[in-house]
Every structure is written in C-alpha cells, then in structure tokens.
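Naming follows writing order (A, B, C and D), and every chain is counted from residue 1.
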Amino acid sequence: MTPLARRGAAALGAFAVAVVLAVFLAPRASDAAAVVVVAVVATAAGFVGSLPRVRAERPALARAMLTVVLVDVVVFATAFLSVPTDFNLATGAGMAIVLLGLSFLTGASGQISIGNGAFMGVGAFATAIWANHHATTPIVVTLLISVAVGALFGLLLGLPATRLRGPYLAGMTLAFAVAFPAILSSFSSWTGGDSGLQLPNSATAPHWLVSLFHAGTPTLTTDTLWLTDVIMVATGVAFFFMANLFASRTGRAMRLVRDNDVAAELVGVALPRTRVIAFVISAAYAALGGALWTLLNNSVSPATYGFALSITILAVIVIGGIGTISGALIGGVVYAYSTNVIAWFVAQTGLNPQGNLASQLNGIIFGALLIVTMMFSPLGIAGTVRHLRQRRALARE
Amino acid sequence: MDSFLTSRIVSDILGGLTNGAIYGLVALSLVLVWRATRVLNFAQGAMPMFATYLGMGLLSYHWPYWVCVGVSLVAAFAIGALTERVLVRPLYGKPEINPIVVMVGYLIILEAFAAAIWSTTPRSLPAPFSPIDWQLGGQPVGLSPFSLFEIVTALVVMGAIVTLFRFTRLGLQLRASALAPEVSRLLGVRVGRMLTLGWMLSTAVGAVTAILVASNFFTGLTPQLMDGIFAFGFIAAAVGGLDSPVGAVTSGIVLGVILQFVGDYLNSNAIILVALVILIVSLMVRPSGLLTRSATRRV
Amino acid sequence: MITVEGLTVTFGAVNALRDVSLRAETGKITAVLGANGAGKTTLLRTISGLVAPQSGTVSLDERVLTRRKPEEIARLGVGHVPEGRGVIAEFTVEENLRLGAIVAKVPLEEGLAQQYEAFPVLGERRKQHAAKLSGGERQMLAMARALIARPSVLLLDEPSLGLAPLVTAQLMATIAELCATKDLTVVLVEQNASSALRIAHHAVVLNVGRVVADAPAPQVAADERLRQYYLGMVE
Amino acid sequence: MAISKWRRVATAGSALLLCATLATAATSIGDAGAASKARAPKVPGVTARQVTIGATVPLTGIASSGYNQVAKAANAVFKYVDSKGGVNGRKIRYVLEDDCYGTPGFGCTGVPNTVTQTQKLLALPVFATVGSLGTPTQDLVRTLLKKNGVPQLFVNSGSSDWNDPSQYPGLFGWQPSYPVESKILAKYILSTYANQNVCFLGQGDDFGTNGLAGLVAGGVSPVVTDFYSTTSLVATNGASIAPYIQAFQNAKCTVVYLDTIPGATDAALGAALQLSYTPHWVISSVGSDPQTVAAPFKSLGVDPEVGAISFTYLPTPTSASPWIKWMYKVIQADPTDFPGFTSTSPLNGNIEYGIGFGVAFVEALKAAGKNFTRASFLKLLTHSTFTQTPSLAPLQYTPVNHQGLNAGQIDEVASATSMKAVSNTVYTTNSKNGPVTVVKRLSSGIPAWLR
C-alpha cells in the first residue's frame, strides 16, 4: 500500500466512525448533521495536512489543518462528556494557552519567567474590569483588550528584563508573582480588593451568536458548553499562531539567542529587542488564558493569581516539556486532570483523605515530578516521547 | 531627648532595622550559595525551615533552648550538604533554568513534607529575650531586647562570614572555588568540598534566620514560615548584588527601614508594591546590583 | 619524573591524543611542541587530571596518576600553570600566592618570603589586585603561585603567550634557572618553538594528537623537516 | 517575493475560514450535548441509601490552622448520625475538597482554586454544598452553583452576600451576619466603654466592610479605621499589621475592635504586646477562638487575648448546655479526624461551629422526609425554624431571609483555651438600623433521635 493510499484509508475510516458515532449519539437530525460537518472537516483537514508534499511545501497550511483537526476532535469529544469534565478540559485549555507562551519564552530565548500566573491575573482582571464598565462590548473584543493589556504589562516588566540573565530574571518575575495579589488588593476601587469581581452578564453567549446557531434560548448546560467550545477555538488559534512563530524567522533568531547570544549578536540579531518580544508574547498569551478563565468562572479573585499559580504553571510546563509546543498542550491536560488522578490515588492508598499526608500529596507529587523531570529528562513528556521515537527510528534503520 | 527617642521616626528606624536584619540574613544566605555554585536557591527558605522543625521540635521533649538551636544548626549543615551532593551536583554545567526549576520543586516538596509531618498549625517558639519594647517615660522606643538580639545576630553572622572569607585559609579556598574552580583544583583545593561547604554555611545562616523569624512575628513556626521573607530577601540580595555578602546585608537593612516608613506613612498594603518597584528600578540602573564592584557579565 | 604511556584522549568523535608516550626526566626541561590544536594543552590537562583519558597511563615516578582527581595530583607535587595563566584577577597578589600555598608543606611566611625574593616585583605589588598586573607580571605570579607549593613537577602551558620577545627571553631564563637549582621536572608546552628549544633538554613534537618526534632538543632544533612542517619555523 | 507573500495571505485566509466553520460546528454541537445530558438521575447525589454532599475548605495553607477542623467536626456529626442508622434510612457522605482558601503561598502548590474544586464536587455529583468556607471563595462559585442548580448551604462566613434570595434562591448562610454581630458588640462597647476612643481594624473585603458598617449603625464611630489585605499579611508574616496598631496607640485608642481572621488577630495582639499597648480588645467571633489565637504565644507565658471581648452564637464550653456534653461525645466518637481527643480536651470554636451547621443540615434533611428533591428541600428550608439546635437562639429561614442565625451573646476570653459568658443575655438585631433587643425564646435541648 502506498503511503498516500494508507492515509486515504485512515481518513475514510475515521470519517465512517465519526458518522456512526454521530447518528447513534445525537438524537436530533440537526445535531447529527453538525457532527457530520465536524467529522468531514476534520477528516479532510487531517488528510490534506498530513500529505508529505503539503507539509514540505506549505508548512503553514499543514499547521492550520493540524490545528483544525485537534480542535475538531476535542470539540467533538466535549459534546459527549459531562459538564464538569468539559469544565476541566476548558480550564486545561486556558492553561495550555499560558503554557504555549511560557514555552515560547523559554524554548526560543532561554529565559524563564516565574511570574506568568500574575500575567494571567492581568488578563483576568482586565476582562472583569472592562466587562463591569462596558457590559455591551462583544466578548471577542474584551478578550483582545485583555490581551493588549497583558502585552503592555509584559512590556513594562520586559524592559528591565532585557538586561537580566537567568537567575536575576527568574527572581524578578518571582517578586512580581508574590507582589501581584497585594498590588491588586491595594487598588481595590478597581479590582474589588481581596473579594475580586463578578462578571455582570455571567458570560452568556452574545445574542446574535445564540440566535444564529441555537434553536431556542440556551439552557444552563449549553451555556457552559458554549464557553468550552469558545475556549477550545481560542486555544486552537493560539496554537496555530505559536506553531507559525516557532517556525518563523523571529523564532529562529530567538533560538539563536538562546544557544549563543554572543554569536547571535555577531550575525545581527538585536538582542534586547528579541528578548522583549519573547517576554511580551508570553505575557500576552498568559493574559489570554487568564481572560478565558474569567469567562469560564464568571468571576475573578486576586488570590487565584498568587504565587502558587505561577509555581504550578512552571511545574506543569516542565512536566509537559518546556520549550516545546506539544509540551504546552500536554501540560494543559496534566493541569486539568492531575488533581483528579491524585485524588484517585489517595483513595487507593486508603489514607485518611482529610489527613495531613493526603492533603499534602499534591505538593509532594508535583515537587518530585519537577525534580525527576529536570534531572532525567529536561524536555519533559514531549521530549521523552520525541527521544523514544528517534531511537525507534534509528533502530529501524 | 526622651521624646525624640520615642518619636515616630526613631521607632520606625529601629523597627526597620529589625526587619531589615532578617532580610539581610536571608540575602546573605542566598549570596553564599550563589557565590559558591552560581545557583539561585529558591528553596533557601524551605531548607532552613525544615532544619528548624527538626531542631526546635525537640523543645517539646524539654530539651534546653540553646541545645535545640545547636541541633537546628547541625541539621541545617546536614541538609545543606545532602542537597548539594544529591540535588545540585548533577546540575553543574546544565542550562541555567535547570537548577532554578529543580530548586522550585525542592521547595514544594520540603514544604509539603513539613506540613505532612508537623501539620500547618503554627508552633510557638520561645524568644530567648523579651519581645516587648523598652520604654522611656511610658512610651515604647521601638526596640525590644529580642529585636536588638536580632540586629546583633545579623551583624555577628555577617562579621563571621566576612572574617571567614577575608582572613582564613578556608575562606580563601571557598572564594577561589567559586571564582575559578578549575584553577583552584590545579592548586590542590578540594573544590567539591568547598561547594558543599558553601551550601552548608548558607543553610546554617538560613536556620539562624528561620529561628529568629519563628520567634519574632507572633506567627509561630509554620511550613510557609519563610515564603514572604524569601521574596524580600531576594530583593535585598538582587539590589545589593548577588556576589557581595556585605552588600546583601546592607541592602537588606536599608530595605527594611524604607519599607517600615512605607508601612507607617503610606499604607502597609503598599509594602510589597514598593519593594517590587525598588527591585525593578535598581535592576534597570545596575543589572548586577547597586553595591557590587564590577558589572561585568561572565561568559 | 613523569612517564606517559599510550595515552589516548577523545572528545566525542574527535581524537585529541592518539597513543602518546613520552618521558620527562627529573631536573630536565621537556618541551612539547606543535601547531595549534596538536593536542599539547590536552596532554598537560590529562597529566594533571582535568581530562580523563580513554586509555593509557600517566605516572609520577612510580605512582600512577591516571584516574586521580586534579586536586590529589596537585597534592602529590605536580604544579600546573594553565594556559592563560589562571591568575585569579579578583584576588590580590598575596591572596593568589596564599592559595598556591594551600598544599605546601613549608610555613606560609617562609614560602612567601622565598617567592618575593625570587620575584621582587611581586613583593612590591603584594597588596594589589592581580587584575592590575601586566602580562609578564601575571606570568611571574602564576609561576610563583605554582612554585610556592614546592612541586616536584612543573607543567607550563604556553608561558610566552602574549608576551613581548624580551620578556619571553627573561622568562625562559628564569625557567631554566629554576629547573637547574630546584631539581624540578619541567614540561614546557610552547607554540613559540625556537625560544623553548633554546632552554629545553628534550623535545617532543605533536601533530594532530600523535607524537611525530621525540628527541634531545638540539636534534629537534636541527631537523629541517620538523622545523618546516610541524613547528612553523621558516627562516 | 510578492508571490510568496500572496501565498501566505491565502494560507492565513484559509485557516481563518476553517476556524469559522469550526466555530459554527462547535456551537451547533452544543445542543447535541445538552440533549444527551438531560437524562440525569432524578435527584443528583441522592440514592436510596446515601446522600452525597460536599464542601470546599482550606485543608492546607495560611487559613488552614483552626479552620481545617470545622468541616471535620461537621463530618463527625454525620458519622455519628450514620452510626445510628442515618437520616430517614440514608447515610451522609461528606466530600471535602481542599481549596487552600484561594490564598497565595508556596504551601498550596498544585492545589487548584475554589472554582475547580467546586467543579469536582459537581462531577460527583453532590446534592448540595454544605459549609464551604470563606467569603471571597464562595462568592466566586455562587453563579456556578446556581447555574447547575446545586444548593449552596450554610456557607461558613458571616457576609451578607448569602442573603440574596431573589438572585440566589439556593444560597443560604448560617452564622449571624457580620453587621448583626458588630451591632450587638457596639451596644456592649457603648455601655461598657462609654466615651472612649475606639479604633477599628478589619479585613479588606466584605468581612471588614460589613463589620464596620454594623459598628457604625450600632452607634460606635471609630476614630481610626484601617483595613489590612490578606495577601500582604501572608507575604510579610503578619508584620504588615504592626503599623496599624502603632497608629491606634498614637491615636490613644483605649478600645480596639478587630474584624480579623485568627492569623491577623495574632499579628495585631503581638504588635500591641511589643508596644506594651493594652487597649480593651473587642474581637469578632471569626478571629477570636482562644485556642487558635493562643498557639503562637504559648511559649511566651502571656496570652494577650485573655480578657478580650467577643461574641458567640453557640454555647460556651463552660456553660451548662446539654449540647456541650453531646459535642464531646460526637467528637470522641471520631478518632480518625480527632485523634487523642478526650473529655478534658478543650472544645474550640471551630469544632463547635462545624457541629453547629452539621446538626442544622441533618435536622433539615430529617424534616425533608424520605422523598425529596432539591426544590422541595429548599422550599422546606425557607419555611423552617429549628428550635432544637446547638445555637443559642433558634435557626430560622424565610423566603426573604436566607441569612440564618441572627442572635448571640457577649463572651470573654477567660484563658488560653476557653471563653466564658459575660452574661447569659442573648441579643438580636437586624443588619440595618433596627434596635438591639433581647431574645426571649432560646433554643431548647437535643432532639431525641440525635441523643
């Protein structure tokens, strides 16, 4: 069988499975039709995107197709999952966006930030504050505003960061993360102090969108689902841009900076500028993730965006694979489901779930994973998988 | 004269010196590790916290106070040595983010273990001296025997470290190992041991700090004891320059005094914000610290 | 006496030294010559334990040095003045010397006095930071720092690098004198072959990690082929 | 060059088009999911033999000391009831999720926020959340729980946010609201410390602002009012409180009113001790539990809290209330969560609190009968008055009042482990400008089925 034929067969098989699933699981004809649309788009995109010729000659198109497939599959899946699972997935997707930004910062410029939880908070609060003052602004616009505010903060902190090397930069971002909730609290007339803010309109779908796509008024559950899907699409768009950025000239220049900044300077890379750009992009991504969390939670509080979150972000990206795109996505999944897994584990051990040890297991496991990952496989799960595949490929030759 | 000594400004200065002494000690312990091994130790608060639990926990078995302090220091030496040998040694020569991440993981683990073993309920540590301010004419002067003890301890520890580094054979080897490990080895210096010793010293300085903190702020000994203090200590170390022990203690003390005035005259919720601004501004002016001699970057 | 037998050192896929054997006699100067990248520095670093060889042994008199740590080898009496001198710029002259005396068996004050006598310029500038010294003075300091420990072997890596010809000549004279009076085993790595050959008793020529000549110094100096192809000494 | 540029534009365009298709498909799929999710069990979290309820509480982090016992004490009640055959044949399963009070701090790494933890409870599913802790944390999940139709019962906080039946019909408080408490304390201040300077320190959220509002409504106008931020408190190990106390001393306040959590109470008392500043302390019930507050001072030999005035809506452990004996019995029957608890162990305010709302829940469940739904349960609750309950005065809900308790008495910190009643008069008032009056009808003893 030629590779082309094999791909074609696989795509057809996936299509068939999707249609069967759709017919059995969706009770109404219109839903079945929607599922079929998704299945067709996914299958076609997957087919086109995986063609070797497309991948070689039109990498951006291939990446777009890959994005579509990923998002389609997840959105397709969410329709059949329970509401909390959806919520977990959406939370993880928001986190994945943050991780994409951090991964880019580290992977492309060799810098590390321990303050991305605070940048998330910037986006989260920007959304809440804007929505409280301008309730009629479409959600997409509010999101864009939040991203811009996040980027601005990134620029403010990134300017001194251009002159700092690793540990100083890490320390400065750490100080920002520690200070951030207290800063929010001291501007309480804007931020609601320690109590935080509620979204005024409870993040209902914009009416034009609802009337366009939903038959009646959205029910409680569809409301959540709608948000989940929006977040998935946002994650897809963020992923697509990041994938292009990694492959672009800027991305290459940044990797050069990471590997050898003296050499990079010699070949004409403007060091401070590249560092600032990387920092700003990671802050903007973090802000988008935070803004989406605000929509998802309907509310925002300073304490959520404290130091613990920044540390958790660092932990999940390291476990997923810092500096890689797939690592960010894996990290998002780890974030979404790790506590469930740990809770399950606690149940298996028979420890008193309210006891000292059980309530600290989260920390013990996360800490141990961080150390073990950095010691034995610094590129995390993504790096390990890549390594194993290369080894297998070598063994085949 | 009495009214001057009990005035707001004087009591702010004295209170600031007390807090600043603690910041300075944390900064000093960071500098010790940084000089020895070029690692910014994010577990710098958690390691001494653990040692303090091990040592001062013996108080509940009615061990004498100073013996418990001694045990804490010994525990700190052991934790410092073990950490350097097991966790840090494999990281030399790796990209600079690796030790950062590992030490963050270590911090998480240490705090989780401490909470799992000793719970998060604060433990009360007796202060060796009265924590109640002296009075003049019925007015407190902003200084208690214990806070004086804190300031003196900070200065003594700094003095001891400076003496060790400047005037002893061991200090010479410690400095040489940090500055030029390869050359030092060629001259017969047991560099590995010196690096370990750097971590041991740093953890011991940390343990002194942790005991003071746990006895001082009426919050008792908790697993998160050093979290906030660490941030201020780092700011002091970064402003003073990570290479300079004297700079670290000095800027810690200055930071303490400034923040005391901010808390008193501005708002105590603004303390952290001001500290952050000080950090950012000073790093913009002198990226390698205000009080270091050279601003050259090591390649 | 330093004996090197069948030494092979590789860095990744590159062979830095291939089956190198040589012998540096006590009280003699053995020059190791060769072009840039011939493996001279690697040879010295392997002798003093900084580089672990793939195979082969290094011995000091009867004692095997291979697989010992550099600090142990230093304590056995091997002094190594590294390329670029390795003077600690942040230290004062005296601190550098005190560091050198860590492994010394004689009292510190006695050792310092001796070195200040041998290198008066260092005595004059003992409180100054090494960063302020000139190239020649730094080389003096590096040698004094190695000698204060009273080593039986002195490994010198390109001592003439970056020095003016006159200073180089002076330095070579000092080395020759030291070797004669203290019964030192000197291994002198040099790219500046002519000045090294002037004082050396024996010479080994390396090319791409291999020994291409091992003979008394005058003989090497007279070999037109060696001079031309490996030592770059074209008149 | 020009061609490749066009190619890029075309690629980007096609990508966007795909995303748009996707959004269309995604949103229409929502309906499919909704339909499939509609076939849920009749009463979520309720089976023939078990009722599952849950709460988010701080088991780790800065707020965990003391507060981590509250829900465990409630659970002790449920275990005790279960051992007697449960309520209407059903046992109660109480699931606690740690949310670390949402506070920043290294100790809470890997602990998700309140929203995520609440989602986990929804996934179980739970019939209701009962006794979740914290004003800011529970504010965050009000909408979420409402959307999912999950009752949010007996929130562990005295904020007036829980009393908003028109917006949140499923939301119920339990303890007296902060304004009620501070108004009753204001009456005490006016009568006992007439014409003295009062200073106020409150938490920088609803807790502090509601408390101050009640104090002012009660006729006390503090000469200095300050609000601390919990995040600063955490970051400075309590040192951020000291300047406020210094300011109070400078203002010559002889009465200091604290609306603080225990950690902040400690910081305030400690700072005053250092300054040899000895005002009359009046401390909200939230932050006055003697045992928790005394912990850091244990080795000093002084407990600066002794003599402080506070407020309680539960019987003091030294009182003759039959409930106190019962509480000891319940806690001693649960050695898993309370190891080493004996008849001589001090019964602290946190344990009493947990038992208090635990009993309230089992009584409500008992009243709801064998067959109930979320709607019928809530309807019953809004028309209930529980007179046989641990609180001093009966617990009452009406369709327009979801606050819960609204009465209590003044008590005084007698030692490092106990409170004593200043008098046995129980007062009540409302959150607005109503007068403070004496409650005539107090709670009676323990119902037979609970004994």
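Here is the rule we use: a contact is a pair of C-beta atoms (placed from the backbone, for glycine too) under 8 Å apart; a residue touches a chain by one contact, two chains touch by 3 or more.
Owing to the predicted nature of the structure, the values given are computational and were not obtained by experimental measurement.
Visitor: Touching chain A and chain B alike: which chains?
Guide: The common neighbours are D.
Visitor: Could you give the fewest steps needed to travel from chain A to chain C through chains in contact?
Guide: 2
Visitor: So which has more C-beta pairs touching, B-C or A-D?
Guide: It is A-D, judged by the count of C-beta pairs in contact.
Visitor: Find the chain most remote from chain B, comparing centres computed as mean CA coordinates.
Guide: With centres defined by C-alpha atoms, farthest from chain B sits C.
Visitor: From the mean C-alpha coordinate of chain C to that of chain D, what's the distance rounded to whole Å?
Guide: Taking the mean C-alpha position of each chain, the two centres sit 76 Å apart.
Visitor: Could you please state the distance in Å, as a whole number, between where the Cα atoms of chain A are centred and where those of chain D are centred?
Guide: 34
Visitor: Between chain B and chain C, tell me the centre distance in angstrom, where each centre is the average of that chain's C-alpha atoms.
Guide: Centre-to-centre distance between chain B and chain C: 43 Å.
Visitor: When the C-alpha atoms of chain B and chain D are each averaged to a single point, how far apart are the two points in Å?
Guide: Inter-chain centre distance comes to 37 Å.
Visitor: Which positions in chain A are in touch with at least two other chains?
Guide: In chain A, residues 178-179, 182, 185-186, 307, 311, 315, 359-360, 362-363, 366-367 touch at least two other chains, as defined above.
Visitor: Of all the residues in chain D, which ones touch at least 2 other chains?
Guide: In chain D, the residues touching two or more other chains are 60, 68, 105-107, 109-110, 204, 229, 231-232, 235.
Visitor: Which residue numbers or ranges of chain C touch two or more of the other chains?
Guide: none
Visitor: Pairwise, which chains touch?
Guide: Once each pair is checked, the touching ones are A-B, A-D, B-C, B-D.
Visitor: Applying the document's contact rule, which stretches of chain B touch chain A when the two form their complex?
Guide: Chain B residues touching chain A: 34, 38-40, 42, 87, 90-91, 94-98, 100-102, 104-113, 115-117, 119, 227-228, 231, 234-235, 238, 242, 267, 269-273, 275-276, 279-280, 283-284, 287-288, 297, 299.
Visitor: Chain B touches which residues of chain A in the complex?
Guide: 106, 110, 112, 114, 157, 159-160, 163-168, 170-172, 174-176, 178-179, 182-183, 185-186, 262, 307, 311, 314-315, 318, 322, 356-357, 359-364, 366-371, 374-375, 378
Visitor: In the complex of these two chains, what residues of chain B are touching chain D?
Guide: 8, 11, 15, 19, 46, 59, 107-108, 111-112, 115, 120-127, 131-133, 135, 140, 144, 213, 217-220, 222-225, 227-229, 231, 260, 263-264, 268-269, 271-272
Visitor: Considering only the defined contacts, which chain D positions touch chain B in the complex?
Guide: On the chain D side, the touching residues are 60-62, 64-66, 68, 105-107, 109-110, 204, 228-229, 231-232, 234-244, 246-247, 250, 263, 266-267, 269-271, 273-277, 295-300.
Visitor: Taking the complex as given, what residues does chain B use to touch chain C?
Guide: So the residues of chain B touching chain C come out as 169, 172-173, 175-176, 179-180, 182-191.
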